[in-house]
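Structures are listed in the sections that come next.
There are two complexes below, and they share subunit A, which is joined by subunit B in the first and by subunit C in the second.
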Partner chain A sequence: MTDRDIKVLLKDAYRISPSEREKAFVRKHEKRSMHIADIFLLELKYMGVRSVLSGVMLILMFALISLLKNPGLVWYLSGLLPVAGLVLICGLGKSERYGMQELEAASRFSIRFIKAVRMFIMGCATLVIVIVSSVVLQIKTGFDFMTILGIIGTPYMLNAWGNIIITRRWHEKENIYGCIVVAGVTCILPALMEKAIRLQIIQPLVFVILLLVVSALTVRESLLYIREREDSSWNLY
Partner chain B sequence: MELILDRVTKQYSSKIAVDRISASLQPGVIGLLGANGAGKTTLMRMICGILKPSSGSISFEGMDASDEMYRDALGYLPQDFGYYPNFTGMDFLMYMAALKGIDKKSAKNKCRELLKTVNLEDAANKKIKTYSGGMKQRLGIAQAVLNDPKILILDEPTAGLDPKERVRFRNLIAELGKDAIVILSTHIVSDIEHIADRVLMMKDGNIIFDGSSADIHEDLEELYLKEFGGMDNE
Partner chain C sequence: MDLKEQYEKLLRYCYMLTKDIDLAEDIVQETYLRFWQSHTYKDTNKELAYLYTIARNLCMDEFRKPKLEDIDACDELAGEHRYEPEARVDRLVIEEALEKLPQDLKELIVLRFTNEMNVTDIAKVIGISRFAVHRRLKEGLTLLRKNIGGEAND
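What follows is the complex of A and B.
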C-alpha cells in the first residue's frame, strides 16, 4: 500500500458525515411550509386600522385637490405627498414602537424579512400615489411628465430618505417625532421650489436630477436598514 | 437532543456581559439564576439568535442559532414585550403562529387550546390593552409554546403573576421540560428550586455554579444570598 493509498483511506476514515440528527430534525419540520405570499397577506391583514384610515383620507384629499381648476395644483399635491410618506413610515417602524421586535426577531420568519415585506408594501402604495398624481397633473396642468415627477417626487423622496435615516439610527419609539419634523420641513419645500422656478433661479430639470440622486440614496439607506435590523440594533443593547 | 454553548462571549465596547460560557444542555428544566446585570438576558438573547455572540457558537442538533430551522424549534418569552394595540388575544396568537410558520388551520386549533391552558379563553376576543399584567404575561407564555418548541427560553416568566398562577405556571413548565430544553431565567429562587433539573448561577458574565439542587449541600436560596447578598436583585 502506497503512502497515497494510506492518505486516501485516512481521509475517508476521518470524513465527517452529515449529521443524521440534523437531517431527521429538518425532515420533521419540512411539513411546515409558508410562502412569501402568506407573509404579504399577513402584513396586509394586520396593518393598523389607523394606517389604513390615514391612507384612505389622503387618497380622498388627493382626489378632491385634483378636482380643483387651479394652476397651483401641482404644488399642493407636492406638499401633501410627504404626509403620505409619514403615514407609511409609521407602519414600517411599528415593531419598535409597540415593543414587538424581540418576539418577531425570535420567530422563524426573521424581522429582516418582515421589514423587507413592509418596505415593499410601503413602496408599492406610494408608487401608485405618485404615478396616479403625475398622470392627473399632466392632464390638468399641461406640464410635461418629467417636470411633474421632479416637482412632486423630490419632496416625497427627501422625506422618505430622512425618515429611513432616523428610523435606522434612532431605535427608540420616539423616533416618530423626528420623522414628523422631517415631513413638516419637506411639506413646505414645494413653496420654496415654486418660488425658485418662478424667479428662474433653478430650472425644473434640476429637481429631476435631485430626485434621481435622492432616490439612489433612499435605496442605499433602505438596504442598510434591512441589513442592520437583526444585528446592529440588538448589538447596541 | 442537545443545545451546545461553546465559549460564548458577548462584549459591549469595554464591558464583557457574557464571558466564554460553555455548556451542553439536555431536555429538562434549567434554572438560570443571577442578580441584575449578571448577563442572563444577554445570554438568553444569544441563545434565541437575536443577538450575535462576539465570539463562540451556539448550536442545536447541528444547526447554528442564526438558522431559520433553529428558530423554528425555538419558543421565547422576553422579559418585556409589547403588542399591537388593535390586537385581541386571539389575533396576537394567530399573528405569532403565522410568523412561526404554522398553517392557519392548525394554528386556530392550537391557539384555542392554549388560550384554554393559560385560562384566557373568555378574554380571547378582547383587546390586549384591556388585559391585566398577569393576563398579558399568560398570553406571552402561550405564544412561546405555540410551535411545540424544542428549546423554550423564558426570561422572568412569573413577573406579574399572582401566587395561584405561579403554581399553575410552574406545573406547566415542569410538564414542558419532559421533552424540551426549558431555560428559565429568574431571580426568584422559589420559582425554580422544585422544578429545575439543573441550576446555572451567573455572576459578572460567568457561570459560578452548575449543578442540580441536590448537589447543593445547603439551601439554594442561602447559596444565592451568599453570592448575591450585597447586590440589589432585579
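What follows is the complex of A and C.
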C-alpha cells in the first residue's frame, strides 16, 4: 500500500454519521450566509421614499417634455439631467448626513462595498433615463444617437464629476449645498452649448469627446471616493 | 468557516482522542460555545487553530477526570450505532493501524490527513514547530504503513 492509498483511506477514518443532536446544534447556530444579491435588495430598501419619488418625478418630466413637438427639447432634457445626478449624490451621502458611516463600516459588508453598490444602483437608474430619453429624442428630433448622447450626457457627467469631487474632499454634511451649486451651473450649461452649436463655434462631436473624457474622470473620482470612505469613516474626519 | 463541515471534523478528532462518541459530541458543542464567547479568535487566519486548541484542551481535561469504567463501557456501546454501517473493511484496518500508533503521531496524522488541516495550524494546535510537524508526519506515515503491512500479514 502506497502513501497515497493510505492518505485516501485516512480521509474516511473515524467517520461518524451525524446524530439528531448534531443536526439540531448546527441548525440552531448556523448563520445564514448572505448572498451578494441580498445587499442589493437591502440597499434598494435603504434608498428611501424621497429618492425614489425624485426619480419617478424626473422620469415623468422627461416623458412630458418628450411629448412636445419641439426640436429644442433635447436642450431641456439636457438641462434637467444634472438634477438626476443630484438625487444620486443625495442618496450616496445619506450615511454621512445622518452620521451612520461608523455603523455601516461595522456591518457585514465593508463601507466601500456598500458605497459601490449604492453608486451602481443609482447609476443604473440614471443610465436607463439617459438611454430611454436618447432613443426618444432620436425619434423626435432626428439628431443622431451619439450627438444626443453628447448633448444630454455631458452636463450630467460634469455634474456627477463635480459632485463626487465635492463629497470626496468636503467631509461635512453641508457639502450638499456645494453639490446644489454644481448642479445649478450644469443645468445652465445646455443653454450655452445650444448657442455654441447654433453659431457653429463648436461642433457636436466635441461634446461626445468631452463626454468620454469627463466619464473617465468621473470613474476615477468614484474609485477614489470608494477607496477613501473606509479610512475617513474610522478617523472620524 | 463552515460550521457543519468543521463540526464533523472536530467530532472525528475528539472521538479519536476520547473514544467516546457522546463525550466527543459534548466536547465539540462546548468547544463551539467557548469559541463564540471569546473574541480573540477574530485574529485573522487563526480561527481553526483556536477552535482545535479549545477542543484539545477540553479533551485533556476529560483525561484528567477520574474514570468510571462501567459508565465508559455503556457509553461506548451506546456510541457504536453511530458508526456508519457502510464502513468498509479497509477503513477498519486503517483505524486499527492508527490505534497502534503513539498518541502524538496518531493525533498529527488525523489532523493532517483526516481533517485536512494545514501544517501551520497543526503546529499552533500542538505547540510544536512546522518543521517538527513535517518530520513527525513522515515518521507517522512510515509506522502506519508498517502497521497496515503487519495487519495484512495477520
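Keep in mind that, in the parts below, the second predicted complex is superposed on the first by the 199 of 237 C-alpha atoms of A that agree within 3 Å, B and C clash if a C-alpha of one lies under 4 Å from a C-alpha of the other, contacts with A are read in each partner's own complex, and residues count from 1 in each chain.
Everything below uses one rule, namely that a residue touches a chain if its C-beta (ideal position, glycine included) is under 8 Å from a C-beta of that chain, and two chains touch if they have at least 3 such contacts.
Everything quoted here is computed from the prediction, not taken from an experiment.
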item	value
Touching partner for A:9 - first (subunit B), second (subunit C), both, neither	second
Partner chain in contact with A:1 - subunit B first, subunit C second, else both or neither	second
First (subunit B), second (subunit C), both or neither touched by A:219	neither
Superposition-derived comparison: subunit B or subunit C, residues of subunit A touched	B
Footprint overlap on subunit A, where subunit B in one structure and subunit C in the other make contact	19, 21-22, 25-26, 29
Contacting residues of subunit C [partner subunit A, same complex]	3-4, 7-8, 11-13, 15-16, 21, 25, 29, 32, 36, 82-84, 87-88, 90-91, 93-95, 98, 109-110, 113-114, 116, 141, 144-145, 148-149, 152
Touch list for subunit A against partner subunit C, complex	1, 3, 6-7, 9-19, 21-22, 25-26, 29-31
Interfacial residue positions of subunit A with respect to subunit B in the complex	19, 21-22, 25-26, 29, 32-34, 38-39, 42, 46, 48-49, 94, 98-100, 102-110, 114, 230-231, 234-235, 237
Touching residues (chain side subunit B, partner subunit A) in the complex	12, 42, 45, 48-52, 61-63, 68-69, 71-74, 76, 78, 80-87, 91, 95-96, 98-103, 143, 147
